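Below: a set of structures, written as structure tokens.
Same chain, two partners: chain A is paired with chain B first, then with chain C.
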Partner chain A sequence: MPLIAVLGAAIIILLLISWWKRASGELLLIMAVAALCAVVMFSWNGLLSPFTVIDVGFPLMAAFDNLSYLSFIILAIASFLSLVASYNYVKERGQNFGAYIVLILFALFGGMIMSCGTNLIAIFIGLETLSLSAYALAGYNKDLASGEASIKYFVLGAAASAILLLGIAFYFGASGSFEISNIRLQVMNLQAEVTNKNIFLLSAALIITGFGFKTASVPFQWWAPDVYEGSPLPVTTFFATAVKAAAFVAFYRIVSSMIPVTGDTLMQAFYVIAVLTMTFGNVCAIYQDNVKRMLAYSSIAHAGYIMIAFVFMSRDMIAAKEAMLFYLLTYTVMTAGAFACLTMLKRKGVNHELTDISNLAALGKRSPWFAFAFSVFLLSLAGFPPTAGFFAKFYIFKSAIQNGFVNLAIIAVINSLISVYYYMRPVVVMYFGSDQLPRVSESTDEEFNYSTAGVIILCMILVLILGLFPNAVLSMIGM
Partner chain B sequence: MNYLILAIVIFCIGVLGLLVRRNLIVMLMSVELMLSATNITFVYFSKVWGVLDGQVAVLLNFVMAACEAAVGLAIIVQLFKLKGTVDIGNWRELKK
Partner chain C sequence: MDISLAIFFVISAVTLVACGIVAFSKNMIYSAFALLGVFAGVLGLYILLSADFVAIVQLVIYIGGILVLILFAVMLTTRIDMASGERRLVNKAMEPLAAFFGIAILGALIWKSFFSTHWTVSRVFYGPTTAAIGEKLLNEYLLPFEIISLLLILGLVGAMVLGRREVK
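Our next item is the complex of A and B:
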């Protein structure tokens, strides 16, 4: 049902904008938001109802369990935030908002197929639907930076898809089926046949490479900072939240099916990836003067924290799922908030984005509420106690320690201490630092726009709710 | 087994072409080569297991590859309009 709502809305809007050229942006936005609300409502219903859709007479290739429903909700929230935040952004630049909405909705549809698919081919098709829309979205600004981001994302993403597809082919070769669950039945056979097991490990390596690209984890992260910097801001929000969340959920499903066969072999690979990813992200983020690029590196670092859940997955699959989903939800909300704050920054008559750190100077005096909201999101990203980011990190580190990965947890805590430095830098600049950095000649002038401000307020409320009452959400995830 | 070796050789040629060549059109062709190599793998494993799933996957891959080429060429055309070249050596707007 949620899938039909998104696809239906995307097609209706597509037809509407092609027949009725003067359709107003508000109308299209309201339709898209209605579809997203329908997704949340259907998923909520599905989450609460005791029935699970298992057999409807034809191969469904999808599982509708609480993992899929919760990821539907996360994806819908992420798309909602980037859609609403982009309304003014797109309008000011005189671009076609209808096509933008349609691309976001198709990307969301692909992401939802990815997160509920139980067949590797279905997951791959979802991934391609998501990626192809994302390539087009990255190039939505008609300037050189956006074009470069788009082509970089396209070439590397297409290569990653091909590698992932080769991984799927070897998976098929080892198990004789594309079904993820099927592999469990064949564990016994595989233990006997060494060749098959080797093919299977090869496929696991290729699949990890493919998803490593999509989730931007080391050593496949090189595209991320450039693409995040070059893309339009709301689209960057979408990449950092929805694309990443969908990739992680699909990755979780595939890896959870591999664990019975591979045992602890994959764990070591994930250990290395997690440590390298968070260290790389945090260390590189220190040197960035562009806040957008800094947030791109920070998103790499957060992918590293989420990878911790994959490390202890072979010990405790349920805890890994809960920690990952909670982290994805909080990460989505706080990153979308931070990017929405950046979208607010602009100067009259200037169309390019003002994301350099000097543009934030003395913002605390000029617009205190706005500076306060941005500080809350940055504190949350850094993981300070009253906000959501703290509990997400706490939960994931706690599960790691419970499963015996004390060293990993220590490395992760050291990393979050490093991250405090670069998250605090914009805050310091906003409140105290009008002299440290070269000022731009004219002061930035935040025009108030309701859609973006609404997104910031909503994210703020969600961050505080998730931070103050994490138990309510956790019990929902654990259902 | 020979099919598999062929597929892997073609795949490696694709990867090499992607890494070495600087022309966007040729890079797109290299990606298509990688996808075709994967198709050979699918057909081979389909034959080994005696099921048709792999061959159905090949058909789906053709559609995927066509979509990817369409989007890729559209992006390349837009870049060509902006800059007048399809050589990626000339693209350094973003910090390296």
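Our next item is the complex of A and C:
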């Protein structure tokens, strides 16, 4: 049902904008938001009372368990935030909002297929649907940086997809099926002929490469800063939240089904990837003067933290799932909030994004509430106690220690200490920066931007709720 | 020596040589034409594997469609045959180094796994496969098949979004 809701809305809006040229942006936005609310509602119902899938005469290739429903909800929230935040952004630049909504909804559909698919073919096609819309969205601003982002993403993404496909082919060769849920049944079969296991590991390596690219983890992360910086801000929000979340959920599903065959072998690979990813992201983020680029590197670092869940997955699969989902949810909310704050920054008559750190100077004096909200998101990203980011990190590190990865947890904590430095820089500039820097007026000076402000307030509330009452959400995830 | 084995080696050699020309030729047009050899070689391999449908698709789409498109693109672009292919790199050693590591890692993985596997050889059955593929597509793989049609719509929408000029 959630899938049909998204698909239906996407197609109706597509037809509407092609027939009715003057369809107002508000109407389309309301329709899209209604579809997203329907997704959340259906998923919530499904979560409470799992229904049995009706036999439709052909394999559905999808599992509707609580992992899929929760990831539907996360993806819908992420798309909602980036859609609403982009309303003004797109309107100011005179771009076509209808096509934008359609692309976001199609991307959401692809992401949902990915997160509920149990067949590698279905997952791959979902991934392609997601990526194809992402390539188009990256080039939505027709300036040089946006075009570069789109081309770069497309070429590298196509290469990554090819590698993933090669991995899927080897998977088929080793296991004789594209299904990833029945692999547990074949464990006996595979262990009897251990010789096949090497092919299986080869396919695992290639699949890790493909998904490592999509989740922007080291050593496949080189595209991320440029693409994140060049894309329009709301689209960057979407990349950092929905695309990443969908890739991680599909990745989780595939890897968790491989574990009976591979055992602890993949653990070492994930260990290395996790450590490299968070260290690279955090160290590079220190040197960035552009806040958008800094957030891109920080998103790499956060992918590293989530990878920790993959390290201890072979020991404790349930804890890994819960930690990963909670982290994805909080990361979605706080990143979307931070990017929405950046969207608010603009100068009268200037259409390009003002994301340099100097633009934040003395914001604390000019609009204290706005500066406060931005500070909360940055503190949350850094992982300070009363916010959601703290509990997400705490939970993932705690599970790592419980499963005997004390060294890994120590490395991760050191990394988050490094990250405090660069997250604090914008805060310091906002409150203590001099007013002498180029005079920049942000939006409260001209028109107050309701849609973006709404997103910021919503994200703020969610960050605080997740930070103050994490148990409620965790018990929901653990159902 | 089996005759099909000999044919296999001949086709592979032709394909690999054509691949080399595509990759290393200085002239863009030579590369484009050598691509014909690559596609034709792969087509031969498909036939050897008794994949008749895939072979025909390869002929129609790759040789008939994509190759012709590439040739058109090459010929309609001015002075592309004089493009030397030189790029400004930050570090000249980076490119070969990256290629070397990529090939070495992937090659080692494939090498290791292939030689530790007992391959069971089955006799190739030469016969039409189209009907079986159609059955599979509309029964077992109906869902991905339908989603692919969405993917095509999406491709059109994306191309429209990126390609058209803004109307103010």
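Basically, the second predicted complex is superposed on the first by the 457 of 479 C-alpha atoms of A that agree within 3 Å, B and C clash if a C-alpha of one lies under 4 Å from a C-alpha of the other, contacts with A are read in each partner's own complex, and residues count from 1 in each chain.
Everything below uses one rule, namely that a contact is a pair of C-beta atoms (placed from the backbone, for glycine too) under 8 Å apart; a residue touches a chain by one contact, two chains touch by 3 or more.
Only a predicted model underlies this, so the values are computations on that prediction, with no experimental measurement involved.
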Review point. Will chain C clash with chain B on chain A after the two structures are superposed, or do they fit?
Key: fit
Check your understanding: Thinking of the overlay built on chain A, is A:230 touched by chain B (first), by chain C (second), by both, or by neither?
Key -> first
Practice item. In the overlay, answer first, second, both or neither for which of chain B and chain C A:155 touches. Key: first
Review point. If you stack the two complexes on chain A, which partner ends up touching A:172: first (chain B), second (chain C), both, or neither?
Key: first
Check your understanding: Between chain B (first) and chain C (second), which, if any, makes contact with A:139: first, second, both or neither?
Key -> both
Check your understanding: What is the contact status of A:126 with respect to chain B (first) and chain C (second): first, second, both, or neither?
Key -> second
Point to revise | Shortest CA-CA distance between chain B and chain C [superposed frame, angstrom] | key: 5
Practice item. Could you pull out which residues of chain A sit against chain B in one structure and against chain C in the other? Key: 121, 125, 128, 132, 135-136, 139, 142, 150
Study note, to complete from the structure: Listed in rising order, chain B residues that touch chain A in their complex are 11, 14-15, 18, 24, 27-28, 31, 34-35, 37-38, 41-42, 44-46, 48-49, 51, 53-54, 57, 60-61, 64, 67-68, 71-72, 74-76, 78-79, 82-83, 88, 91-96
Practice item. State the interface residues of chain C toward chain A in the complex, per the touch definition above. Key: 109-110, 112-114, 116-118, 139-144, 147-148, 150-151, 153-155, 157-162, 166, 168
Point to revise | Interfacial residue positions of chain A with respect to chain B in the complex | key: 121, 124-125, 128, 132, 135-136, 139, 142-145, 147-152, 154-155, 158-159, 161-163, 165-166, 168-170, 172-173, 176-178, 225-226, 229-230, 290, 293
Review point. For chain A, which residues are in contact with chain C within the complex?
Key: 7, 14, 58-62, 94-96, 99-100, 102-103, 106, 109, 113, 119, 121-122, 125-126, 128-129, 132-133, 135-136, 139-140, 142, 150, 193, 195-196, 198-199, 201-202, 205
